[in-house]
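The same chain A turns up in both complexes below, where it pairs with chain B and then with chain C.
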Partner chain A sequence: MTTDLITRLEKIVGPRFVSGAAEERYLYSMDQGTMPPSEPDVVVMPANTEEVQQVVRLANELKVPIVPMGAGLVLSGLTRALRGGIILDMKRMNHIIEVNPQSRYAVIEGGAAQGMLKSYLKKHHPQLKHSMPDAPPIATLAGNICIHGSGHLSVLGGSHSDMLTGMEVVLPSGEIVRTGSCSVAGEWFGRSPLPDLSGLFLGWSGTTGIVTKLGIKLFPSYKHNDVLVFVAEDADQMPDMISKLTSTQVAEDMTPWMTPKPDWAKGFLHINIAYGAHTKKELTFKRNLLQASVKKYIDDKVAGFLPLPAPQKGRFLQIPSPDLVRFADLRKGGGFEYVGAIMAIEHFPQAYRAGLEIAEKYNVSYSLGARIIGAGHSMMFFFAYAFNRADAEDVKRASDALEATNTAALAMGGIPWKAEQPAQQQIIDQMDPETFALMGRIRSVLDPNGIMNPGNWEK
Partner chain B sequence: MNSIKFDPDVCVNCETIDCLMKCQYVSFKDVAEARDEKLKINDGKDSRVLEECLTCYACQEYCPVDNNPFFLLVERQEEKGFLPAPRPIIEEQLRMMAPKGRIAKETVSGPVVDMCAFPMLTGCVRGKLFEGASTIVGTDIFCNIMWLHFAKNSTIRERVPEMIDNIMSFYLADADTNELVCFHDECYGTYTSVADAYGINVPFKPIHQFDYYNQRLDVLKDKITPINAKIVYQRPCSNRLCPQTDPVLDEIFEKIGAERVPRKYDRANALCCGGVPRAHQRDELADELVDKNINDMLSVGATYCVFNCPFCMATLGQEVAEQGLMPILVSDLVQIALGD
Partner chain C sequence: MEHEDILHRCFRCGYCKLPGNYVDINCPAYLSFRFETYSPGGRMWLLRAWLDEKIPASKRFAEIMFSCATCGNCVEHCAFPEFRDRLLLAFTAGKEALLDAGQAPPAVRDYLTKVQLHGNPYGKSVKKSSQWMDGLEAEPFSDQEYLFFADDVGTYDPRGQEVARSVATLLKQAGISFGVITEALNSDGNDVKAIGETPLFEELAAKNIKILNQFNVKKIITLSPHSFNALKNDYPALGAQYQVFHYTQVLAFAMGNINFSSDNEDVTVAYHDPCYLGRHNTDYESARMMLRSVPGITLVEMDRNRKNALCCGGGGGNFFTDILSGGDGSSARVRVREAVEAGAQILAAACPMCAVMLEDAVKAENLDSKIQVQEVSEIVNQRL
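Our next item is the complex of A and B:
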């Protein structure tokens, strides 16, 4: 059957863009995380929506699983072919279709990468920017939005799925649908006031359709940018500090971080606060607002802003941040994974302590941190563990630490983000049964043959 | 623990209380009030000066009899548990700048240039000016004078002898020289003024960078191409500990054809660069200092803004450059004149 599948896929996308070679299947069987490999039968790279549609129709006809993939950088194994079949690699569909500078949105294809849009905007629309996650620039916008990612404008604009203005999706049954304003009007300005069908494809881990186009919000790019690093010593004070800092409504991004390396940082809690302005005067005004918001803590001498001269701020202003990448290579061997749990701000101290306990118990190198989403509406608290992929014991330790972290995150009211298959099971076990039943009914309607990324969000 | 070298009777009988009356940041209505506050400090009593002090070192220079007013003030701040900056800020910096034990014995030969904890500046030691020089650098030889800004005399007492011991045992003990050229003004202040006041023994001979440059320029006088440019100078806090070096800088400027244009905030009236107030969480004051300094510099029409202290340059350099002045270290300016 595989030979037949490959032949028919070649007719759709051309022979250069289909492969069933062992080495390709091996490379596509895993990501950089701890999930065990699971090989597809074939990898296909379509060039446009129509080709995606034809591939999906073929998969339906042959009852072959199909797994949509962006850059394959999710780290939690969501793009592994758990039941074999086709991995549909979107990288060829990487065009930036439209930028609307007036209404501040961009329309892009499903395989367009973060770095591409950043470069495009810098060149053609320097007054605009989009929210970049701290992922390699090859990470796709669609992938990150579909997993409810967050990034450098998330205090300003919420999670990246909040910045979505509409989608074009190939359904598991092969129909092409549009959500948001683009389904009615020509423009991709937003998702209201219509019934919000975009939610059918957000957070579903590729089990409900393949996103071929999407609209995203853009934001003003400032001439003057600055970062403050606030340092505290008591985790119990962090929720209030975050609340006060976000109450000023001037930050674009706010990322607490706690790490044992370098030595000077161990035991302290830092919050990087990035903000920008059109003028220096406005920048100073914003800085003063931020500083005034936490004056009580400064006056009490329990927290303060690191005195960073301009040359030292560069690394903190880099987007994406290079720091996690450095940490990712801490143990060498290319292994890195983290549990990001979306949770309420007040759980910060609990999450911090849980991370320290787990890292100590499993003897893993850790980096703890968070990205604040919205005006302190929630946070993505991350527990990152580096491991050496060539060292099986190291992988096992990191994997055990991740599982323990998922359990701890759920216990404290958090929800593991972009949950890997075992974490999905933990979430389902805790989920309202009626909610999970509804998810199942929706999937049955959209995907009657059960071909879309099977093995995910199933009991 | 050695106490600060200080004579309380001198202050009792002082008619001018210059240490406080000349202060640019704390105001007093008259000499009587300044004397009251000074005597409170001397007696270990609470004084508003302990809290309002910017820690600019200037009172060390203003005192006409070298009675170490600033070192004593820092001593009192620490004794009273006063924190000029939030605890985590001080603690993190204490750790950052702590000796790391990453030092190995190395053969060096004169001139040996102490780059303090600034490895990024070792590239400055080049060309004819530093011909044949060895450099030493790292937190294991950090001068630790910065703790004067953070009420941490105890750290100075603890670490400076260790640094001196490191310099001797890892470098100078087997070297062909007993002299240490201090690229960093603060190092010179530590090994002269601080060491003297705190009773710390210094077994080598510290040489101020200005004295070194001045001497080298005499040797290299045939190689000098005058710069023929107006410069403004940002005098750092640490130079208050060695004011005798300021006229040496004038000689250097003269030799290289740089005109040190008089400005309001130079010499004894030098104004803080703004870096330390930011650590003290006094950003609005720091902004004011930056503005005053830069407006003052711009008003005299110079080409270069010359820095002695790398931290001053890091603090003010970008602002200075944005205003059209070229920020530059003294050593680099001299090297321009020498064609390096």
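Our next item is the complex of A and C:
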């Protein structure tokens, strides 16, 4: 069966881009997080939509599972082949197809990397930028949008799935469909005013289709960029501070962070506020607005803005920031994973305290923080735990801490984002049963043979 | 295995796959094969798995390990400071372990056997090592200031010989005092070491050092950046005490001695940084200085230049073993397309291997009418 599958896949994408070898099966069986490995039978790298379609048709014929994968950096094991089958590594499909500078959108292929789009825009459209996550630059836009990611323009534009303007998707049954304006007109300007079919593929962890093209919103790129760091000591005041800062509507990105290292940061709650402007005058105006919004706290001497030396400021302005990646080297063991829970801002103090308690209880190295989404409409609160992958006990400690964090996040009204398979179960247990039943009905219509990333979002 | 202690520390984040400006994939092995396994992080994890007996030492595993072009992009752009300095050392140690286990690919074994038997990978007799000088009237080394070291490619490869002749001609034009040793010099051993065969490297180096010392050599000009790297950085640990220069470094400061013809056509040139001159030895300027001093030349930069340069794919023995192989995604082919995109009419190389690799790529891409590959001294010599 596997030999037949491989031979037929080779006919579709060429022998160079198919492998059932032990090396690929091993490496693609896991990601950098704590989830246990699960091997695919074969890894395939298509070059275009038609090849994806043929692979999907073959998988249906042979009833073999398919797992779409971008850079595989999700950390929560969503690109593992839980039931074996094919991993579809999308990164050969990495072209930037179109940039519309007037209507400010870009159309890219399903395996295009964040870093490559950033670089392309810098060269060809320096007046434009897209919202980058702090994921490593090889992470794909499709993988990130499919999981409702967020990034450096998320205060301005919401989560990255809110910035999606349309998609081309190969359905689990093999048809190629388009969502958004590109399904009617030639342009990819937006998802309204049509029935919003894009939602069929967002947040489903690759269980409903394979995104082969997508459109995303671009935003003005500023000549002058700055970051302020607001420091507080009382977590209970954080929701109001965030609310006041976002009410100015000038920040592009707002990321609270709380870490025990470096020493000067321990015990304090920081909020990085990134903003930009076309002129220096405008930048000063925006800075004044931000500072004025939290004046009460400064006057009361309970919080203040941190003076930032130039190198530190430069580091904070780096996009993507490599700091979180470097957290993986904290225990000299190449591992970290985080629970990112999407929740309402008012849960900030609870989340912060839960993070500290869990880190202490499980004796794990931690980094806590959040990214504000929209004008304080929600946040992605992250609880990151580093581990040494060469030390099974340390991995288990981190894994237990993550599980406890998922439980705590759900209990306080948050929802684990890009949830690991066990966390999906926890979410389903708490979900309105009718909602889960509808998810099941949609999946059985889209994917009658149950081939798309099976094992996820199942009871 | 040496450096085994760092393998598990790689996070497999993939910063190392890209250049610092993220333009496109910049690891030649990953660019060519595209499986995660061929990326720097992939090879770190696979090496760990092999040592833990989670995967066998297969033909494919050997191909993965030996496809590394030792270009140093991963070392330059890995997200972890300090750790990254040991990346290439770990890859080389991995290859060494595979060689010890008798698992090297046949092409690697052939390469090493030839070097072992003949002192060079062409399997040529050292008696033929003066052929490259035909028509050059190069002086035998006696008491000149420099020895000119032409390495394997410059000595035995037909195109490499042209490059060696051209460089030697320009050195003469610039009034540099140099001589050559025609007998018995072996391969510099740089790529033998990069392939993981350290004992053979040491043997080659020791033989070369003996001869160089017999001739009382003090200062050396190398043709190849690979020789430059070995002689400058690795030979001292084996007792060598020479001042070593790449030819562009000597010529960059001697360009004032050169008279150019007054009727040169204007031409746009992009310079391809060789890994062993650039990333490995941080000289990004000497060749550019040379080119800037030539009337009529407009220097343009490719998106990937200096620390971000894309390797031609010839390092780590791949020039001889061809494990990286051709195909649309081979880095040499991607590189010449990039040069055309940058608007260059000439792609300048400062390494005989790069020159050969990139010329083959221009042919494979059918770009002959748009761009020509020339070695830096050839560009200068044509304008005298």
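By definition in this document, the second predicted complex is superposed on the first by the 455 of 459 C-alpha atoms of A that agree within 3 Å, B and C clash if a C-alpha of one lies under 4 Å from a C-alpha of the other, contacts with A are read in each partner's own complex, and residues count from 1 in each chain.
The criterion applied here is as follows: a contact is a pair of C-beta atoms (placed from the backbone, for glycine too) under 8 Å apart; a residue touches a chain by one contact, two chains touch by 3 or more.
Only a predicted model underlies this, so the values are computations on that prediction, with no experimental measurement involved.
Using the contact criterion defined above for the overlaid structures, shared-chain residue A:374 touches neither chain B nor chain C, since it reaches no partner. Of the two partners chain B and chain C, it is C that touches the larger number of chain A residues.
Looking at the shared chain after the overlay, A:312 reaches chain B, while chain C stays out of its contact range.
Once chain A of one complex is fitted onto chain A of the other, the partner contacts of A:265 are limited to chain B, with no touch recorded for chain C.
In the superposed pair of complexes, A:284 makes contact with chain B only, with no contact to chain C. Of the two partner chains placed by the overlay, neither chain B nor chain C lies in contact with A:239. Contacts of A:304 after superposition on the shared chain: chain B is touched, whereas chain C is not.
Looking at chain A, you'll find no residue that touches chain B in one structure and chain C in the other.
Across the interface of their complex, chain C is touched by residues 16-17, 19, 21-24, 26-28, 32, 43, 45, 71-73, 89, 91-92, 113, 115-116, 118-119, 122-123, 136-138, 322, 325-326, 328-329, 332-336, 388-390 of chain A.
The part of chain A that touches chain B in the complex is made up of residues 231-233, 262-265, 268, 284, 287-288, 291, 297-298, 301-307, 309-312. Interface residues of chain C facing chain A in the complex, by the touch rule stated above, are 8-15, 17-18, 21-24, 33-37, 42, 45-46, 49, 54-56, 58, 60-61, 64, 79-80, 83, 303, 327. Touching chain A in their complex are the following residues of chain B: 83, 85-89, 91-93, 95-96, 275-276, 278-279, 281, 283-284, 287, 311, 314-315, 317-319.
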